[in-house]
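Next come two complexes, and both contain chain A; in the first it sits with chain B, in the second with chain C.
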Partner chain A sequence: MAVASPSPSESVADHFARFGLAPRYAIDRDALESEYLRRAAQTHPDRFVGRPSGEQRAAMEAAAAINEGYRILRDPVQRAEYLCKLAGIDLDSSDPRGGAPHMSQAFLVEMIERREKVESARAEGASALQALRDQVEGEADETLDEAADALDDDDPNGAARLLVKRRYLQRLLDEIDGEH
Partner chain B sequence: MVDIQEDPGALFQIEEPTSSAPKLRTPGLAIGIDLGTTHSLVALASHGAAPRALPDTSGQPLLHSVVSYVDGVTVGARAMAQRVSHPSDVIVSVKRFMGRGTADVATLPHPYRIQAPSAGEADVVRFDVAGDRRVTPMEVSAEILAELARRAEAELGQWPTGAVITVPAYFDDAQRQATKDAGRIAGLQVMRLLAEPTAAALAYGLDRGGQGLFAIYDLGGGTFDISILRLRDGVFQVLATGGDSALGGDDFDRAIAEHLLGVAGIEGDDRQMWAEALVAARAAKEALTDEVSVSVTLERAGLTGHELRREAVEALLEPIARRTIVACRATLKDAGLRPKELDGVVLVGGSTRVPLVRRLVAETFKQEPLGDIDPDKVVAYGAAVQADILSGSEREGVTLLDVVPLSLGLETMGGIVEKIIPRNATIPIGARQVFTNYSEKQTGMVVHVVQGERELADDCRSLAKFTLQGIPRLPPSMARVEVTFELDADALLTVTARELMTGVKQTVEVKPTYGLTDEEVDTLVMDSLDHAAEDFDARNLAEARVELGRVLLAVKTARVEVGHIDALLPPDERAQVDAAIAAAEAAMAGEGEESLVAVRERLEKVSEGFARRRMERALLAGMQGHTLHEIESAIAAEDDLAPRRGSHEPEQL
Partner chain C sequence: MAYSDKVIDHYENPRNVGSLDKSDDNVGTGIVGAPACGDVMKLQIRVEDGVITDAKFKTYGCGSAIASSSLVTEWVKGMKVEDAMEIQNSQIAEELSLPPVKIHCSVLAEDAIKAAIRDYQSRQAAEPADEEGAR
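This part shows the complex of A and B:
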């Protein structure tokens, strides 16, 4: 038995591998939590006070990667988006190749109309706004579930489209909550 | 074939070589300092001992955070005594000025003479004080820190080798950097900036060996923090933090003082009258903790025997105290918790003695808060424990996972902020952003880093602005400059940039918007009155020796253990490392022309790649549940076999 020689790319493991998890949407939350605490404790800069700078640097980078991985994986939306990224689709990029899929004209028009509805619901009063909020939130949750199913079916392109749709719904929610 | 055993508990067994090597650090000589708005104190918890605060010669552990420049420099009670007679030359509550610009403090009520920065000077507050001096808040704080360090020096028989200094969890980057600079100016090696509520949790948690979810409510003299922590498996994980770095007991005093002057029929701002009223207000507030009524006399304002009742004072304080409750609710929401889910609420800071505050906290969290460790000392205790751990003592390890309190972002088109690191992200953490060019002619671009939650850059805290140079002349959107932002375990920001076409790494000159450059701090360190130059040189020399010895030992150990493996240390690098080791050994023996610092820096530089590759191996090993030592034995064995193995691929572990 021998150790695989890590090439630079290999040593930069993906976040799932970082916590010994399979790259799937459904994860064992408890396993993530305890693996995170274990690894975060191992790599924390406090453990490397007084060590040579090369080690300190490497430890800090490792700790930062572990913290970032934990932040992404524990959040269902970010986890789903990250799975798309592993499949080569970066939702934060507008690049026609490998970027977020473009939504249909009809969908964009629909979103504009729904934004206007937020304003009229706001004018109607708190209960109308709340009803609209509940509806949009339900729809966002459903869309995430569908995206999760698409990921399980090995359809990252379908998942990416659904996740972009969910982002639009999230923006609508933020607008209802007055965060814009 | 190498047998590899499972030992998931210990990843970094590189720490101690099997031989009886000298300790890499000096355990037991590091101190914890709570640098408070109104009071500061120093505590020691050497070698796993229970923390204790170090008192002054009269037995008083709390030091007034007051520095007087009236008659030379005095700190503490003596300085306090000159406050009413010399309001502009006695600096109180300097913490409120840390990391702030002159425009920020213009809205703070204060009696000091502060001039706008001259052209080209960084926007740092400078107090004009007696003796024709201009001092920055960092220098004022350094006087307080040095006073405390001298107490520790008397106790330890030598200057402390390191210090953990606490900061409000809600301090931004500029305020943290200012605190760290103050430590350096005081001649301290700042091992860590520790969030005050986290320090308190550490002091409490170790006492109880507990598990669970806790809220730490920390209302000090000038700052308010609320942190929600989870304790589990020896890890203190901050889930969310919130607060207000300009809200505290000082505001209570001010409200009461205003009321008193109002009753006396005084208008306008007479500095001495105001100072007298503040002192009386503070005394009244403290008396009303146990009494329901107190009599107040202001000689200068002509107020005699005025009766202040607790209800009347609470009515004055309630609007201020309510602001803390709003922050508590928001932070609970950030942590995704309801009050009932908390296992305990801990009160920290002298201002939590105010009965109104206790009542509001109990109402909000639906439980009686804990306050059985002295709220004035608990933060310093936690800092002392952390200092002991960092100094390398045998104290049982706990890990503190803290968060950045405020989001970091970049200013984009139209002054809108794009967040790159969200608030409450566990530190250390990094983020990368790729910048591109608008036109072929563009070879530079301005990057503006801000901190805060608001949407517009103008409403956030400006941290730094810098220009990326040397963007290659390429068609629009073709050039790619990757900028990396890193927040270290002190939540301090470092920025580096890399041009992706050439891979050339750029050093980014980040000029802090509020604060001193490294060079300015160095100058202040040298100028520091309390350390005569030769004294300072001697200490620096001793430190440089210790530092070099430490690095030399670590590199030599690694070299002996695995330095013969080509994959870890290629032959050309090996020759450089060996030469640097030889130079370092000569320098330690007092030979050679170069300074100890230069020798150490070269040794670190040539061994950096080697250290990094070892760490990466260690991390991979940890991922697979093996210790570094086992992995290295496996690599070594494999390496020995390599020439005979021919073209066979190594079996994957």
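This part shows the complex of A and C:
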């Protein structure tokens, strides 16, 4: 579907600026919430009925950007990953330059071994699997905390490595939960 | 996400799932990961007289990643090592009709077979040449 380019004020602004927040990991969630509601009401399509189509489209694009920004900022993992993106590291990209950093061979070997352990824990029974799950989940949470610290220390590269590690741990959790 | 019939076939009936003895000097092991999605892939080959006689894989990831590694193990069996080194991700993606967002899965499979071959070659280089004295 062809769409006109979004108005620069909405597309160029980063999501933190969009909600009047400083680009930091720690945010005021109440401020995010109330600003989201205010902006969402401002750009609601109902307000633009009968307006020129250009205005309607701009409002729609603004509303989409606000929704996307809210979805990203309210989620701690996505917020941390977004801060890396603002620093020029796109964790959704596999590009060696500017993409998600590659992990060490030792880490990948460990990940394979741990996933193999999921199979044996599953065979052992529900409590073994739950114990493994709790351990991995704790580790994933800890890794996110470390990434947040790195972001606070203005170390986006360190944060990106930790967030990639967390993604592997997340996939390990998905494996335990039987999701792909 | 609509998967092609070939992806679904390999996903539902993956070929050559399993492990080879990684301490065997005739076995090469490649372990690679996709940092953007957290998928990990282990691909192993057994080589005799320069020909890949067996291949096994374990992939923890999406259907396309499983299908890509399954396909590669099928392809390389019976192949000369140097020919297997020439496998390109584009061939894998084409065979499986992977959509653009899943191309990285075929890249992962290419990286895995290359890593396995390099591991085999480094083991052979480290090994005193008493077994294959002809060369």
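Everything that follows uses one rule, which is that the second predicted complex is superposed on the first by the 169 of 180 C-alpha atoms of A that agree within 3 Å, B and C clash if a C-alpha of one lies under 4 Å from a C-alpha of the other, contacts with A are read in each partner's own complex, and residues count from 1 in each chain.
Heads up, the rule we're going with is that contacts are C-beta pairs under 8 Å (C-beta built on N, C-alpha and C of every residue); 3 or more make two chains touch, one makes a residue touch a chain.
If you're wondering where the values come from, they're calculated on a predicted model, not measured in any experiment.
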item: Partner chain in contact with A:V109 - chain B first, chain C second, else both or neither; value: second
item: Touched partner set for A:G99, first chain B, second chain C, both or neither; value: second
item: Residue contacts on chain A - larger count, chain B or chain C; value: B
item: Partner chain in contact with A:K85 - chain B first, chain C second, else both or neither; value: neither
item: First, second, both or neither for A:R57, with chain B first and chain C second; value: first
item: Touched partner set for A:G20, first chain B, second chain C, both or neither; value: first
item: Contacts of A:E175 with chain B and chain C, given as first, second, both or neither; value: second
item: Touched partner set for A:Y70, first chain B, second chain C, both or neither; value: first
item: Interface residues of chain A shared between complexes with chain B and chain C; value: 180
item: Residues on chain B engaged by chain A in the complex (per definition of touch); value: 1-2, 4, 8, 11-12, 24-25, 191-192, 232-235, 237, 386, 389-390, 392, 397, 399-401, 425-430, 455, 486, 488-489, 550-551, 554-555, 567, 604, 607-612, 614-617, 619-623, 631, 634-635, 637-638, 650-653
item: Chain A-facing residues of chain C, complex; value: 31-40, 42, 58, 60-63, 104, 107
item: Chain A to chain C touching residues, read off their complex; value: 91-94, 99-103, 105, 107-109, 111-112, 115-116, 164, 167-172, 175, 180
item: Interfacial residue positions of chain A with respect to chain B in the complex; value: 1-6, 11, 13, 17-18, 20, 34, 37-47, 49-55, 57-64, 67-68, 70-71, 180
